[in-house]
Every structure is written in structure tokens, then in C-alpha cells.
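You will see two complexes here that share chain A, one where it goes with chain B and one where it goes with chain C.
Take a look at the complex of A and B:
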């Protein structure tokens, strides 16, 4: 295993963890190709810590010139189960990436959603700027990470409010107020990054990112409806979410162009849209009951006419 | 320039529900809900035509049981936060048309339709029971109980249909 570790260094593996040793079960060859360019820059920042990970197959064949055919998808289980070699501050690759991206957010207002912001974030954690090489240069992961974090914050906030209501310490809000407050709370999280948010929106619309961004959007909207108390099991499940998605997206766009103090124009716009939605749903149910009444009236008329015909025929 | 990027698993905001196999449970509940909804509409169609005939009470009784099934799945759907099938409006119409259509063929037609539908529903429930038992019978105990009970009741409907199909 030590021979393999020496071979690793010769092959030019990037060591982006200068403190504790990171255990990787799989160290994808893709990294080495990307890393070789930045490795020269980073090599002076490396502390010499041999990678004593016990990964097997990928380490045996030096990846120089080897085409990476698969991207690592999903979580990397980093625990290798090799007896007694794990250090105390073990951290998975995914957790590390989350930490870097969270740290990078602080630099977004200045650098935008870019690799520079990620590099700065990595620096504050004491890591090499080469760490930014782990991510796409358009900042996709940073933006998606941010959205995911905001959604989690919103969920926690809504859950806390729900607990207060359940404990009787707060009043249950009417639906329109609840939706308004939830959307406003979520949009307010954008305020520190509002200058660079239009750029983020366009990145989120890249075909590559659409599945993830759509997933995040739909689960956020579903969460809001869940905490609003929606229990529909018919088609209105879809119409409610579609309507709220529309409200959220349009309000977000209005917010991008809003220069009023405290974004009061945006919140007024939001209030109007939610009110429209309530009116629409009332109108829809009125139309439905009117429709049902009309149908019943027609059926009655048809029965009467057929009875009249029958009795005339009998006479 | 590095472009490969790492795969970052972006979790949705859904609250973890006791580590169940969400996709499998989702699908099971969604399909069962759609099935019971469709069955409801089939019986509604049959009642619209044969409601005042001699088999009316029999159909009504089976319909009441289906209503109870649908109610149970509505509750499960809310509890597990499962989305309903997007084809609900379609099943609404298709189910009613199937029920009314088979009833217009007479009592025998209606009963034959019931037999066929209940047979495939029972088989479907059996498959789900197998799947859940393979997954983890302890974790899904409540759901398994519900599905087993419903499967037995659908089997009853099937037998009732056969009875009346033979004599009608």
C-alpha cells in the first residue's frame, strides 16, 4: 500500500486536503486530469501527507491519458472499513464540498457565482484554491447549493411556525396570508445576493441544470403547500402547485427589477397575485356549482319532457 | 480548465420520513389511489344504469366498500405526502364510461365487468404485498395490513360478481 501511495504522488494526484487525510473509497481518474494543470500552482501549498487510503483499482493504473468516461454521480461513500486507520475528523467528500460552497457564498456579492468565489471560500477554510477545480466554472453547483440551503431554511422556518400553532402559542394564519409570508420569507433570502441573482437564474435555466433546479423548485412549492395545510388528493393538488409556482416565479422576476425601499413594490405585487389566486379559486368553485345546478336543471327538464311524451303517446 | 465537476447531491427539502423507501411507497400509494378512484367511478357508472334494477342493491353495497377504500387511500396519501396521479380526470371519465357501458349490456355485462376488474385488482394487490414483504415486512406493517384487507374485500367482490354473473 505504501508503494501505491508513492506511485500516486508520481502520477500527479492532486492533494487538496492539506490538513487531515481524506479517505476516499473511489478516487475518480477524472480528478487527476483536471487537477494536473492546477497541481503545479497548488504544489507549493501542499503539506506532505501521504494518501494512505486503501483504495484499490483506480490507484493501480496511472490515469495519464485515460479518458474519464463516467462522472461520479450521487454520494461517495468514503468509509473504507480498513481496520484502525481512520482519523477522528473524518469527513466525506460531499460534506467537504458543502463546506466549501457555504464558505464561498460570502464572496458571491463581490465575485458573482464563479470559480473565484469558490476559490476564495476554499481559502478561508485553509484549503488550496485548486479546490475550486472540483466544480463547474459557471458556478452551477454553488447556485444549486445556495437554493437548496434556502429551501432547507424555509422548511425549518415553516416547521417552527407550525409547532407554535400546534402548541397554541400562535394563531393559524389564513391561507392567503400564509402563502404570502412564506414566499416573502423565501425571497428575502435572495436580498444579500440580489445584484448577482439574475446571473444565477440564467445558469439555473441551462439544460444541464434544469432537472436539479426544477426538482428544487417543485419540492419547495410542495413544502409550502404542505405547511399551509393542503390535503388535496385530487387534481387540485396540481392546480394549486402550478398557481403558487407562477406566483413565486413572477414575484422573483419583479424583485430583480425592484428599486423601491425595502422592496415594498415586490411585496405589494405578491399580495395582489395571491389575492388574484384566491379570487380565481373562488370563481372556479362558483362556476362548478353553477354548472352542476344547470346540468341538474337540464336533466329535470329532459325527464319532464319524456314523461309528457310518454303520457301523450299512451292517451 | 477543469470542467468535469463533482457530483453534488442536492437534497430536496422533503422531511425524512423514518427512512422508508419513498419511491416504492409513493408509487404503491399513487397507483392504489388511482385504482380505487377508478373503481369508484366504474360502480357509479353501473349504478347510473342499473341502480333501479334487481342488482342495484348489490352494486350499491360493493360501491360503498370501494368508497371506504378510496377514503383510506386519501388518508395514506396525505400521511406519506404522495402526489396523486395526473391522470385522475381521465380515470374519472373512463371509469364511468366503462361502468355505464358494461351495465348497458345488461346485468350479466355489468357483473362480468366487475369480475374482470376485481380479478386484476386482486392480482395487483398481491404483487404489492410481495414487494413490501421483500422490502421489510416490519417497517411497512400497517400498509401491508391495509393492502391485505383490501385485497380480501376485492376478492369478495370478484366472487359476488361471479355469483350474479352465473345466475343473471
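Take a look at the complex of A and C:
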């Protein structure tokens, strides 16, 4: 699934680049003069990083979406200097937007999740404050970006822990402890922004944002269960995710109005909810096995009765 | 009406030469002035004369022709811009200052809200800190925002200056005489460049777009509010009827100038439609170019970023 998405992204990027190249070839003189000011600067920074490394690493350092292997290396009248080298290092608009949003996060505690924070972020990158106009004025993109970054961080953390367990350097945690630690780690990422987080939650609930925010939430819960070792293929797949989503959302809300030092009340609440979930699942399996036993008993009784009937009939 | 329609259709069926003229690229000496064909120099002169004669009645005519809706369009433009205090705006062809005044009002209200928030925060500060923040001039009512109104026509600027005085706008406003194809400003100066109902009258649109790109800071925004192409066929017919029958008559009755308003209506028909203008803006080097139709395409706002 991931590989296919990556492949699609690369194909889309190649299409975009080829479109840009075609347009350049149609109006070569104009494009050379107006080649992007900001986007190229990013590539210059990227070029400075791998100073002594080979060109191979140079291709690896720009993130995915940037693979112009079939870019014709021939003479490009539209790009200045250095043959066709410049054309490979243009970052896309999305990457620039990512950089702006990341820079904007540090202004959120002061300005909230608003276009002002994005404008301040753009300023730190050397762009005009008008660049905030690229985003919606209610800050939705900033919040979604932040949530997706947190989820990525959580995934990396869980992956690292899993590697340690596989290498035998750490003990495999029991399920309830694992879930507790994962949710706690994820919620701790909210702490620097906790004052403005209620505003963010309300924006995430706007109808326009619900598909994306729901998507991010479900993929995070999925990730946690995956690293917890869940391989269920029956209905319990759904129940597990529903239960964990419930735990996560309620704990988040408790955290919003928690004023205890170090959020101890929240972690205690989390512990209790996870314990409840475990008991519930034990009870459920107990109920199931009891139910099965009862059904078997009834079946046995029915068979006995029918045998008695037939033997009586025969007699 | 039929006569105008035939001329319209004839012009639209002309080959590439006329198309290039429509796009504002000099195809030799031939250019359009409304439905007439003139040279570049003649066109500039004629347009200058048009605006010289309508300058005094410009606002009144706008209100009567669009039934006051042009105010809403301009409000939407400034809302879309969503400027924060400290923004430097260049309003080209902004003669009578409509966009400039709206910008100042918007920034002022945003600034007020900001200051209120700061004051609430400041209630916990010591006197020394409050004194220091006053020193830093943080309580400036516009927060350092400025707007430069640039127009090629002296009469329009005069009317604009009078209006500013009359309405009481004094700080953050400057008036510059200049040509959109050759702006008298340095590179990388402005945060936002707007041109409202002006780009239609520019003789070489591609040059104007290149100049816009030049004077904008990296990350700066280009906004263009202009009459555009109505795709809905029924609405398009009603709109044509209104444009060609009612507007020149209004022009004669209110401003005593039939021909200028005939030019206005014809120039709207000659202007490239939304997608074509979008392509031209992209050619000038802008990224994330997009347009928003207002009133089914009677007016469109194009936006692009210098990235």
C-alpha cells in the first residue's frame, strides 16, 4: 500500500516536472528570467549540506517526490548555468508549504492556530507575510500538519522500540502497558501547545476538516495496534480500534482541563481506562466461552432427548 | 444589439494575430481599443483620455452600473487578501483609492484586536515592561502597514487624493504616478500587489505581470480583480443585453460620455477569459495561481504567489 502510494507520488511528480519542462521549452527566454526565487534557494541549502559526500547522497537527501532520472540531461536553454543540474533540485510547492507550516509551529503558543502564526513562520523563512495567503485563514492546514507530524513521530518511536525488542535489548511489554505508553507518548507531544489545543480541536471538527482529521486519527490508532502486535482478522479488529479511539479521545479531553503538576491526573485516568478495556475484553472472552459451554450443553441435552424419543418410538 | 453581436463574432473568429493582440502582446502595430483596431501608442493615448474624462464621475458611475455590487467585490478582494498589520501593499491602477481605503480599514481592525489581546496579556506585566513596550512604538494603530497607490492617470490620482482627505485617511497612504508596464519601484519591495479593474486597460499585459513579479518580495502575492467571462449561456445573454444597451446610456445620462462607457463594455469582451489569464500569470513566474469567480464569472479574482 505504501509502495503504491509512493510510486503514484513519484509518477505525479514526474508528470508535474515534465509539464514544467515542456512549458519552459515553449517559452525559453521568459522562464530563464523568472525562474523561481524561493524554491531554488531551498535546493541551494540542500546542496550545501552534503559537502564532502558523493553525488549519490545528493540525490538521496532531497525527500521523496524528486526523482527526475528521466529528466533529459541535454542542454536546457531555460535553466541558467550548471547545465541541467538546477532542474533536479527544485522543491515542490508542497514542500515549501511544509517548511512554512513547520516554522509557524513555534509561533502558535503566542498567536494561536491562526493565519498570523503562519505569517510569522513565513517571515522567519525570509518570505513575505503575504505567503500565509496560500493557506486557509482559519489555520486548518497548520493543525492538520501538526497532527500528521505528531503521528509520524509516534510511528518512528514505536518502530524504534520494536527494533530494540527484536534485537533482544528490551523486554516485550504486556499489551496494556504498551497501549498506555503509546497513548501517553502521543499526548505528551501536545504539551507545548496545550493552551491553544482546544481551539485546534474545534477547528478539526469543522465539516470541511472532518475527513482529513478522521483519517489521521484512524491511521494513528492503526499504527499503535500494529506495533502492539495485533494480527486479528475477525470482528475484534474493529472493536479493538474503536476501544482505543475512545480511550485516546477521552484522555485527550481530560488533558485539556487538567491542571495537576505533570498531568498526573491524566495519566492515572489513562491507566484506569486501559485497565477497564482489558477487563472488558477478558469478560467478553469469558462470556463467549461460557456462552459456548451453555450452547454445547443445550445441544447435548437436545441430542439426548431426541435419542430417548427415537428409542421409545422404536420400542 | 445584432450589429454589435456580429462585430463581436467576427472579431472572435479572427486568426492568431488578433488572439495575440487580445493577450496584450504586440503583434506589430495592431491592437484593440474596444472593438476598434489601433496602434499601441494610439491605444495608450485613447485610454488615458477615457479615464481623464470619467475621473470625476468614476465612483458614481461604478455605483450606478453595477448597482453598488462593485463595493462587495472589492470587499471580497480585501478579505481574500487577509492582510496582517505590517503588510506593504501596492495598488496599481488604483486611482480613486477604493482598495487602498478598504485595506487600511481592514488592517486597522485587525490591529485593534491584536492590541486588545496584548493589553489583556499586559495586565500581568510590571510598569517598567509596559513603559518599554510603548517605547518600541508597538501601539501604532496600523502596525506599520502601508499602501502605495499607483496610477498612470493624473486626474484619477487627484480624485483619489481628494477622497482621502474628505474621508480622513492620512497615515499609511502614498500616491505615485506610474505606468504598470514600467513601475517606478525597486525589486522585492512589496508584500501584496493588487490591480482592481485596471489590468484590462494595460496595453501590454505580459509586461505588467512581469513588473508585478519584479516588485514583489519572495512569498509575495499577486491579486487581480477583473471582469471576466460568463460561461452560463442564459446569464451571458442577459449580461450582454445589459452591457450594450443600458451602460452606455447610463454613461451619457450621468457622466455625459457615451463613448467612454462604450469602450468600457467592449474592452470587457476583448479581455482574455479566466483560464487564459491564469496561464499568462503562470508564464510571468507566479506559482499556485488560482481564480475565483464572483457572480458566475462576471468578475473573477486571480491570485498567484512569487515563490
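The criterion applied here is as follows: the second predicted complex is superposed on the first by the 226 of 315 C-alpha atoms of A that agree within 3 Å, B and C clash if a C-alpha of one lies under 4 Å from a C-alpha of the other, contacts with A are read in each partner's own complex, and residues count from 1 in each chain.
The rule we apply is simple: a contact is a pair of C-beta atoms (placed from the backbone, for glycine too) under 8 Å apart; a residue touches a chain by one contact, two chains touch by 3 or more.
Everything quoted here is computed from the prediction, not taken from an experiment.
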Inset, instruction - With the two complexes superposed on chain A, say which partner A:93 touches: chain B (first), chain C (second), both, or neither. - result: both
Legend entry - Partner chain in contact with A:127 - chain B first, chain C second, else both or neither: second
Inset, instruction - Applying the touch criterion given at the start, work out whether A:216 contacts chain B, chain C, both or neither, answering first, second, both or neither. - result: first
Inset, instruction - Could you look at A:137 and tell me whether it touches chain B, chain C, both or neither (first, second, both, neither)? - result: both
Inset, instruction - Using the touch definition from the top, say if A:119 reaches chain B (first), chain C (second), both or neither. - result: second
Inset, instruction - Determine, under the contact definition given at the top, whether A:255 touches first (chain B), second (chain C), both, or neither. - result: neither
Inset, instruction - Determine, under the contact definition given at the top, whether A:187 touches first (chain B), second (chain C), both, or neither. - result: neither
Legend entry - Overlap of the chain B and chain C footprints on chain A, listed as residue numbers: 30-31, 33-35, 37-38, 93, 133-134, 137
Legend entry - Of all residues in chain A, those that touch chain B in their complex: 30-31, 33-35, 37-38, 68, 71-75, 93-94, 97-98, 101, 133-137, 140-141, 144-145, 147-148, 151-152, 154-155, 159, 212, 215-216, 219-220, 222-223, 226, 231-235, 237-238
Inset, instruction - Within their complex, state which residues of chain B touch chain A. - result: 1-15, 33, 73-74, 77-78, 81, 83-84, 86, 88-89
Legend entry - Residues of chain C that touch chain A when the two form their complex: 80-84, 86-87, 191-192, 210, 213, 216-221, 282-285, 287-288, 303, 305-307
Legend entry - Interface residues, chain A side, partner chain C - complex: 23, 27, 30-31, 33-39, 41, 93, 96, 115-116, 119, 122, 125-134, 137
